[in-house]
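Both complexes below contain chain A, partnered by chain B and then by chain C.
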Partner chain A sequence: MLRQDINELLTQTGPGTPMGDLFRQYWIPALLAEELPEKDSPPVRVKLLSERMLAFRDSEGRYGLVDEFCAHRGASLWFGRNEGSGLRCAYHGWKYDVTGQCVEVPSEADNSSFCQNVKLTAYPLVRVGDVLWTYMGDPAKQPGLPEFEFAHVPPEQTYTSKRWQQCNWLQAFEGGIDSSHVTFLHSGGLKNDPLFKGAKGNEYNMKDTKPFFEVADSEGGLFVGARRNAEEGSYYWRITPWVMPAFTMVPPRGDHPVHGHFWVPIDDENCWTYSFDYHPVRPLTTAERQAMIDGHGVHSKNIPGTYRPAANMDNDYLMDREAQKRGDTYSGVAGIAMQDASLQESMGPIVDRTKERLVPADSGIIKARQKLRKAAIALRDEGVTPPGVNPAHHRVRSAAVVLPQAESFLDSCRDAVTAIPGVPQSSV
Partner chain B sequence: MYASESARAASASEARYRITVPIAPARAARVIALDARAAAVTRRVAGGPWANARFYTCEVTRGAGGSNEPAGEVPLYGLDGSPAALGDVLNGTDVVVVLATDDSGRAYAAAIGRACSASAITTAGVVLGDGFEAEDAVAALRPHARVLLLSADESDVFELLTALRV
Partner chain C sequence: MIYIGSAGREYAVDAAVGDTVMAAAVKNGVPGIVAECGGNCSCATCHVWVSEEFAPIVGPPNDMEEDLLDMAVSERRSTSRLACQIRITKALDGLTVEIPPEQP
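== the complex of A and B ==
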C-alpha cells in the first residue's frame, strides 16, 4: 500500500516533478544505435520524460537530440531534411545543427546574425554499446558515462532490444525486482525457452515455489536475494541488483547469457523497456543471437519496422488458452517479456497503489519505493546527488549460486555481484 | 473504439469502474525487538497509526537474558513493561516482524522464528545497521524469516508496516 501522494510522486516524471528531476540526474537510454545507423539517417522521434524530441545523425556522423519542433512556427522537424551537417525544417527551411543551434534562416538577409539567437533545447546523445544515451539534466552536473557491463563487453558478446510498454515505468520496473513471480508466470519459459532452459538452477526454482528473500542496500541501489532450498544443507540464491533509478539484472541460468532491463519513462503512461543479454567472457552463439532476435528470453518479437511487440493489448496478447491448459505457458501469453508486460499493462496506465495488499515477500519493492522517494526528496530539498549517478555504481552483476545454509549471500557473493572484465558470471 | 478487450480494460477510463471498497487492515502483526536499540526503534514506531499491530521487547532488551536460547516459554514484555509469553503473543497473529540491531538477541531470534514456523505465522526480520553487527541474529532468523531486510534506515520499519496494512 502506498499513499496516493507518494504514488504520484514516484510515477510522474515530467519536467519540474521530483521524480522527473531525479531521472534527469542520470544518463538514460534514448534509443538504440541501430535507429540511427549512418550519417544523415532519417531523424527519429523520441519522447522521454514527457519531452518530445528528435534524434538525428548529421553528415559527420555526430548524434543530436533536439526539441522536435521548429522554433519558427512549431512544425515538427521529423519532416525535415537531414543534409549538409544539419536538419532543415521542411516548412520554411530553417536549419539546425546537432547542438540545436539554428544555423540558417533563409528568409533573413544573407549575413544576418538572427539565427545566432535561435537555439532549440538539446541534450547530449552518446553511443555506449548498442545504446544511445542521453542526459537531460543540468549540464554542470553531467556525470561520467554509463559503465554497465552489457554496454562495455565487445559487440559480439552483447545484444540489446527495446519494446514499447503501455504503462507507467514504475509498475514495469517493479516486476524486475520481484523474483517470486518467476516460478508461476514464467514456469513454461524455464522448461522451454532456449535462453533459459536446461540450467540446474531451474530445477531448484521449480521444486521450491516459496522463496525466502533478503534485501540489502548497495551503493547504487539494492541487492535482492531470493533463496530456495537446494541440496541438503544448502540454499540456491538468485541475486538481483537494482541500480537507481531503473536498471535491473536477472540472475543467470547455467552458461546462458546474462540479461536485464532498463526501464525509461516515455511519459507517465508509457515506457520503453530496454532488454539486454550478454556473456562476460565469450561471444554469443549464432543460435543465441537468433533466439534473441526472434523474441525469446527477455526479448520480444516486435512488429517489423517498429518497437511495438507483435503480441500487445490490441490483440489480447495473442492469448492461447489451449497452451495455458497444456501447461506450455502459465498465463496463456507466450514469451517471458510479454508475460510480464501483459500483466503489468493490465493494471492500467498507472496502477492505484492505495489499493494494494502487499506481503512481506514484496519487501524489495517496498524498499525500492522508499529509496526512490527519499532520493527524490533529498534532491529536491537539499540537492543531494542520488545513488546510481556515479558510474562506479554501475559495475554490478546478477548471480545465481548455491551456498551453505549458514552463509550470507552478501558476504559470500561480493565478487560474484561485481562486474569484473574477463571474469565469467556466477551461475548455476 | 478499442482494438481488443484487453486494450479497453487497461484504459484509464475503465480504471474508474474498478470496484472500490474500504480495505480493512489485513494483518494482525506483532513487532518484537531483539535488543536495546531495536527496542528504542520499536517505541518510536509504535506511536504510528496502526490498527492491529502490537509491540514487544524481549528479555535481552532489559539487560537480562543471554546468548543461550531460553528454555521453555520465551519471555517478552509489552512496551509498558508488562510480561507476556511468546505463545500468547502469537495467538491470533499472522505476521511477526522481528527487529534487531546487533547479535545480543540471536538466541531469541531463533526461538521466535521456530515458534512462528511451527504456527504457520509469516516472519519478517528487519536488521538495522550500517555494518554487519547482527550477523548471528541474521543467521538465526534466516531459516524462518520469509524476508530479511538489512537496512541502515530506521524508517524502513515504518514503511514495511505501512505497506503491510497492519
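== the complex of A and C ==
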C-alpha cells in the first residue's frame, strides 16, 4: 500500500505542488508536430500539468505555447485569428506573438505603449523528432533539449502516436514498468499482433508466469529487470528503462521496432500517453508503419480528427466476450494499448493506493514511487535538480537478452541498455 | 523473544535461530503481525518497533524495506523494521519488539 499523503504527493501535478514542480524541471511532450503542420495553422488547445494553454505557429512558422486566455477579459484565444505573425483575440482584437507578448491593442491610441506591459504566460515549444516539447519551469534553469533516441533517429525509422487516457498519470506510468502483466493481459498480442508476434522471447514470456524482478538505479531513473526461465542454465531478461519523470521503454521482441511511452499529466484525472516505435538501424517497413497507423502494437485506433481512442470507457472499450472465450484476446479488449488503458482507467481517475496489496513482482513500482517522492522532496526542500533532467540521462534503451544464470543483468547489459547510434537493439 | 501488543499485552515466544521475527509471531499466533505477502518484503504488514536496547544489534533496514517503511507504515520511528526481514540469531536472545496498533 501507499500512505494517502504520499499518494496525493505523487498524483497531484498542478502549479505549486511538489510533483508539479518536479515535472516543471523537464522538457515534456506538449503535442505532436503533426498537430501544427504549417505556418498559421489553426491554434490547438493544450492542457498540461493542469494549466490551460494554446499552441500555435505564426506566419513565419515559429512555434508558441501561451496562456489560453486573453489578458483583457479572459476570453479564450482558441477563437482567435492566427494572422500576420501573431494570434489575435476574436473579441476586441488584442494581438499576441509566439512569446506571449501583446503587440497590439486596437482600442488604444496609436502612440500608446499600453501593450508593451501586457504579456501572457508562455513557454518554449520546440520540435525534436515528431514531438513538440515544452519546458514549463524557471527559464533560468532550462535544461538541454531531449536526447531520447526515438526522437533523434532519421524520420523513416520512427513513428509516434498519442492517445488521451482518462486517469491519473501515475497509474498509467506504473503499467509501463510492470512486466508481469504481459503474460496475461497481452497473451493474445504476443500470438497475433503484427508488431509483437514471432519472437523467440515470446515463448519464454508465455511459459514462465512468475517473473523475478531486480531493480537497479540508473543516472536518470531505474532499470527494471524481469527474469524468466529460458533454456537449462539460462534466464530470459526483459529490461525496462525508466527515465524520470515519465519516460519508459518496452523491451524489444525479435527484430520488431522498439517501443515505449511518455506519460504526461493533462490534469490530475487525465493524461496523454505518447507511444513511439523506432528501429535504431533501419527504416520502418511499409507494413510496419501501416500497422502502427492502424493501431497495432503500442498504438491505438483513434476517433478520426481526435486523439481519443475509438474503444473507450463510454463503449466499454468494445468488449468482445467471444474473443475472450476463444483466447484471441485475454481480456476481450482488442489491441495492446487499449488492453492497458482499459484496466488502468477501470481503477478510477486516481486509484486509492491505501487499499492495494503489493507483491514482489511490484518491486519496480515501489522503487519508482520512492524515487519520485525523494526527488520531489529534495527539489522542494533543497532545490536539488532531479535525475533525468540532464539530456545525457536520456540515452538509454530497453533490451531483451538471454544470459547464463550466474550473470547479473545489468553488469552484462551495460551496452545493451545504452542508446548507441548505428548499433541495433539487443533483442531475443 | 517478546512481542508487546498494541494494548500492552506481552507475548513471550520461543523463537528458533534462523527463523524471522515475522515467522515466529505467525507460528505462535501473536496477533497484529499480518504478513500478507508471506515474508517477501513487499507489503509492509509486519511492521514492528524494535526496543531501543536491541535496535543496534538488529541493525538498519535493507534497501527495499527502507522504501516500504517510508511509504506504507503509519508511524515510522527510528527503530521501525519489517519483522520478515529480521532473522533471529543467538545475539537476539530476549529481543523485544512492539507491534503498532495498525498494519497498512
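What to note about this one:
Throughout what follows, the second predicted complex is superposed on the first by the 428 of 428 C-alpha atoms of A that agree within 3 Å, B and C clash if a C-alpha of one lies under 4 Å from a C-alpha of the other, contacts with A are read in each partner's own complex, and residues count from 1 in each chain.
We adopt the following convention: a contact is a pair of C-beta atoms (placed from the backbone, for glycine too) under 8 Å apart; a residue touches a chain by one contact, two chains touch by 3 or more.
Just so you know, these numbers come straight off a predicted model, no measurement behind them.
After superposition onto chain A, the modelled positions of chain B and chain C overlap sterically. Of the two partner chains placed by the overlay, chain B and chain C both lie in contact with A:P360. Set side by side, chain B and chain C differ in how many residues of chain A they touch, and the one touching more is B.
By the touch criterion defined above, A:M1 reaches both chain B and chain C. In the superposition on chain A, A:E345 makes contact with chain B only, not with chain C. Of the two partner chains placed around the shared chain by superposition, chain B and chain C are both touched by A:Q370. By the touch criterion defined above, A:D58 lies against neither chain B nor chain C after alignment on the C-alpha atoms of chain A. In the superposition on chain A, contact is made by A:E269 with chain B only, not with chain C.
Shared contact residues of chain A, touching chain B in one structure and chain C in the other: 1-2, 357-360, 362-363, 366-367, 369-370.
Residue ranges of chain B in contact with chain A, taken from their complex: 2-7, 9-12, 14-15, 18, 20, 23, 26, 95, 122-124, 132, 135, 138-139, 142-143, 145-153, 155-156, 159-160, 162-165.
Chain A meets chain C in the complex at residues 1-3, 6, 354, 357-360, 362-363, 366-367, 369-370, 373.
The part of chain C that touches chain A in the complex is made up of residues 36-37, 40-44, 64, 67-68, 70-74, 104.
Within the complex, the chain A residues that touch chain B are 1-2, 166-167, 212-217, 269, 313-317, 342, 345-350, 352, 355-363, 366-367, 369-370, 374, 405-406, 408, 410-411.
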